[in-house]
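Each of the next two complexes has subunit A plus one more chain, namely subunit B in the first and subunit C in the second.
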Partner chain A sequence: MEINVSEHSGLKVVAVSGEVDLSTSPKVRDALLGQIQGGSGVVVDLSGVSYIDSSGVASLVEAFQTAKSRGKSFSLASVGETPMRVLKLARLDQVFIIHDTVDAAVQAG
Partner chain B sequence: MNASAQSSPPAVIEVRDLVTHYGTRQILNGVSVDIVQGEIMVIMGGSGSGKSTFLRHLMALQRPTSGTIKILGQDVWGLPQKGLFELRKKLGVAFQGGALFSSMTVGENIMLPLFEHTKLDRKTMEIMARMKLEVVDLSGFEDLMPSELSGGMIKRAAVARAIIMDPRILFFDEPSAGLDPVVSKQLDEMILRLRDAMGMTICVVTHELESAFTIADRMTVLDRGDILFVGTPDELRASKSERIQNLLNRRSEEAEIDADEYLRRLTGDKEEAEGMPR
Partner chain C sequence: MSDQLELLIDMGRHYAETQDIESTMIRALERITVLMGAVGGGLFILEGGEADGKLVCHASHGPVDVRGLTIPAGAGIVGRSVANNAPEMVWDAQNDPSFNKDLDKQHNFTTRSILCVPLSVKDERLGALEIINKESGDGLFSKDDLTLLQALAASTALAIHNARMAGELAEKEVMRRELELAGEIQRGLLPPPGGDLDPVCGVNRPARVVSGDFFDYFTLYDGRIAFTLADVSGKGMNAALLMAKSASLFRCLGKEDLRPGRLLQRINAEVCETSLRGMFVTMVAGVYDPATGRVVLANAGHEPPLLHGADGSFTPIGAGAPPVGIPPELTGGGPVGEVVLHLDGGALYVFTDGVTEGYAAGGAELGADGFQGLIRDGVAAGLSPAARIERVAAALADGGRALRDDVTVLVIDDAAAKAGRGAKTRAEARPAEVVSEAPREGVLCVLEVPARPESLILVRRAVEQTAVSCGFSKEQSQDMVLAVDEACQNVVRHAYGGRGDGDMTIDIRRENGDYIILIRDYAAPVDVSKIKPRDLDDVRPGGLGVHFIREVMDAMDHVPPPDGQGNLLRLKKAI
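So, the complex of A and B:
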């Protein structure tokens, strides 16, 4: 699992790739909370994620709630079919702000 | 999904020539079957057919007398203790009675495998537990004690605990037992949802025919320690086997009796028994 952070129009784009599971999800959590606590709005690029388990989704949920409480934007971009099924199972597709592409997410701010 | 379709996904459980005993009594007589990735395999059979024993073998809980069981490509009883421990983390089990700890809240019960096997942050664990409660339609019940739940709720909470680690294979032991038809149907729908969303392989032991035909991709019928049938629900319905038709029509089989032996058994007459012709 890899995490790369870049900046687009004042937003931090956190690109996650590979498998997000019980052993790797704490790194995703730390990366997302770190950016938000640093005062940035965040777009999470999930295009490279081949698998995400419940601990990974829980990390996204916590980051989203933290961003909301600090008035920062938080969205997901390029969510593949497998991660989307996991989100839908717990009806989280209705909770997260989800964009088709990173560009669309950055434009939406 | 039809598991017998052309694409043939890989087997996640491979059982070969499985023989097991309780004392001197042979329970399984050389059973072989494959369970493939993403299918719901329902295991059926009458009382004493060996299906509960078979399930314990599939869950890597019981060592057979002979034969092999491979789970996720690993020979279960050839693994070192640590390997077996790691393998079991990939299996989820929803027990018949729920097996929740009465002294812990529902949420703590569900998080128990995470406390045991991970070093995740407590907040992450709590969110995971709440997500699983959403999946089993028990949202907001995390602070209740098991004694405050109905029978159907306890079963669903047990499922939430069984799936908290996102297992590759999920086992259900009699999920519908003791539930009314409406709750039983909800549980069937939940099993289908779990398979579809998470791609889990699911093995279910059940007596309930309606439930079995609703959820099964394939069915295994055990009879007196042997596999009588493995195939799709449609193939099972079409079977000409008298024993299968008896199972489907809930007819009990009348065992052939040895009249002399039966009489001796009733009278306890061992002396005469030895002198009687067989």
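So, the complex of A and C:
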């Protein structure tokens, strides 16, 4: 699993790739919360994620709620078939703000 | 011209007799100097490059012995001749700006005229031949002298060139013999070729003289057989040395009767302590018990071994850990996860990618299908395990081309042992090994892994492979991967409280048209009434696992474990 952070129009784009499971999701959680607590709005680029489990989804939910409470934007982008299926199983596809591409997410602010 | 011919013949004969180019050069220079009627002469050899090298005098004749004299390439009249690859005829040396007068002063000698010709073969510059002061007439060298010296220099250059080539050939021959000796020592590390009655045997065909692959096996005190197969990254001598080290570690530590997962952990620690940077070993270690047909297998980054069931099915068994040689602090450490297989009359093939990526007759890659085809044909033809893998190796050498990579195959065949066991197998199995009271028929895969987050990837691979082999769609298989992962997470996080000190067993089987996963732990009993999926409208982190499992599987039941210890969860999905 790998995490890369870049900046686009004042937003932090956190690109996650590989398998997000119980052994790797704490790193995703720390990376997302770190950016939000640092005062940034966040776009999570999930295009490289081949697997995500409930602990990975939990990291996204926690980050989403933290961002909301601080008035920061938080959205998901480029969600592939496999992670999207898990979000749907959790009925979270209706909760998260999801964009087709990182560009669209950045434009939406 | 006859003098020149005689000189040539003499040089050739002298070199043939002595094999000593130095003494041949000295002898040749002496004869050339006398033949040319010169007072003195020197033979200079270029050492190092034409630009930054130096010219060293190897032979000298006359009143002043200048052997060993070293001048920078390009300096002096000799240097000029070599640099331009052209002869120099100097009639008034004292007034030539390139001439170095120091030597004359040192030896109380006066150099008047110089004739110097370069020694070269094709474009390779070897040095120069120089003669000084003609004894007869006006003491000056003539055009005819130059022509003669050039002819003599050509012969001398050729003799030096040939001698060098012969020396290099001899050196290469020594290296080739050393490499062959290393290959021989390596082959000595492998077990002898298998007989027709051996249940475990292997074959290794190196693509070069030495191999980066190896296999080994030996019988433990109680009749079980420990085995290994490995592939060292890279080729050549350093791969061969790391192979020898890993093979020795297996022999040595394997006899301590460690479980394969712990054995690979130990070997990794030893290799990492002294490893050559950037080199690693993909390695499979296992133990086969002919009394039960049971195999405990651990895989560190290697190509998935192939289980050929007695029913003719093929199932790959995935890797549980990164390769040996990657420092434990990078991977979380701990023993490598183990898979327990029941061969039940079938056979397990462990092999290197040199097999599937090797060229078969016709020039195409053998591939997984080609490999399976060869195994199937071998079984159908009634070949012994040893003859079967021999046929695979032969098929890859069939193309007449050199092997693309080392080819190594190890087989663990349970057919003969099963026939000997008859129907009594199950009753004789040691109680500790019985995972549950359920019948063994249809067991697809059993994993015994530490209850730690790092083990989950192995569980996922096992579910993915077995689900696909049962005919589930890709999407269904991925769903079940998630469900089983979630169930195992609960064991790691809740049953053992995240301490990572316990084990869990995942038993995947096919029963009455259902795909069944039994997840067993050895922790304190869990209060089943507290396990329930949460309300999804309440968006909060956590608590989704049980919901995923219920959504994906047809049934999820907590059943009493066979010996009343720990917890046993049964997941079911109709095939």
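Simple rule for what comes next: the second predicted complex is superposed on the first by the 109 of 109 C-alpha atoms of A that agree within 3 Å, B and C clash if a C-alpha of one lies under 4 Å from a C-alpha of the other, contacts with A are read in each partner's own complex, and residues count from 1 in each chain.
Keep in mind that, in the parts below, contacts are C-beta pairs under 8 Å (C-beta built on N, C-alpha and C of every residue); 3 or more make two chains touch, one makes a residue touch a chain.
Please read all numbers here as calculations on a predicted model, not as lab measurements.
With the C-alpha superposition on subunit A as described, subunit C and subunit B clash in the combined arrangement. Residue contacts after overlaying the shared chain place A:106 against neither subunit B nor subunit C. In the superposed pair of complexes, A:57 makes contact with subunit B and with subunit C alike.
Once the two complexes are overlaid on the shared chain, A:19 sits against subunit C while remaining clear of subunit B. Of the two partner chains, subunit B and subunit C are each touched by A:89.
The interface of subunit A with subunit B overlaps its interface with subunit C at residues 21-22, 53-55, 57-59, 61-62, 82, 85-86, 89-92. Here subunit C touches subunit A in the complex through residues 332, 452-454, 456-457, 460, 475, 478-479, 481-482, 485-486, 489, 492-493, 536, 539-542, 544-545, 547-548, 551-552, going by the rule given at the top. Interface residues of subunit A, counted against subunit B in their complex, comprise 21-22, 25-26, 29, 53-55, 57-59, 61-62, 82, 85-86, 88-92. Interface residues of subunit A facing subunit C in the complex, by the touch rule stated above, are 19, 21-23, 51, 53-55, 57-59, 61-62, 65, 82, 85-86, 89-92, 95.
Residue ranges on subunit B touching subunit A, taken from their complex, read 117-121, 123-125, 127-128, 131-132, 134-135, 164-166, 193-194, 196-199.
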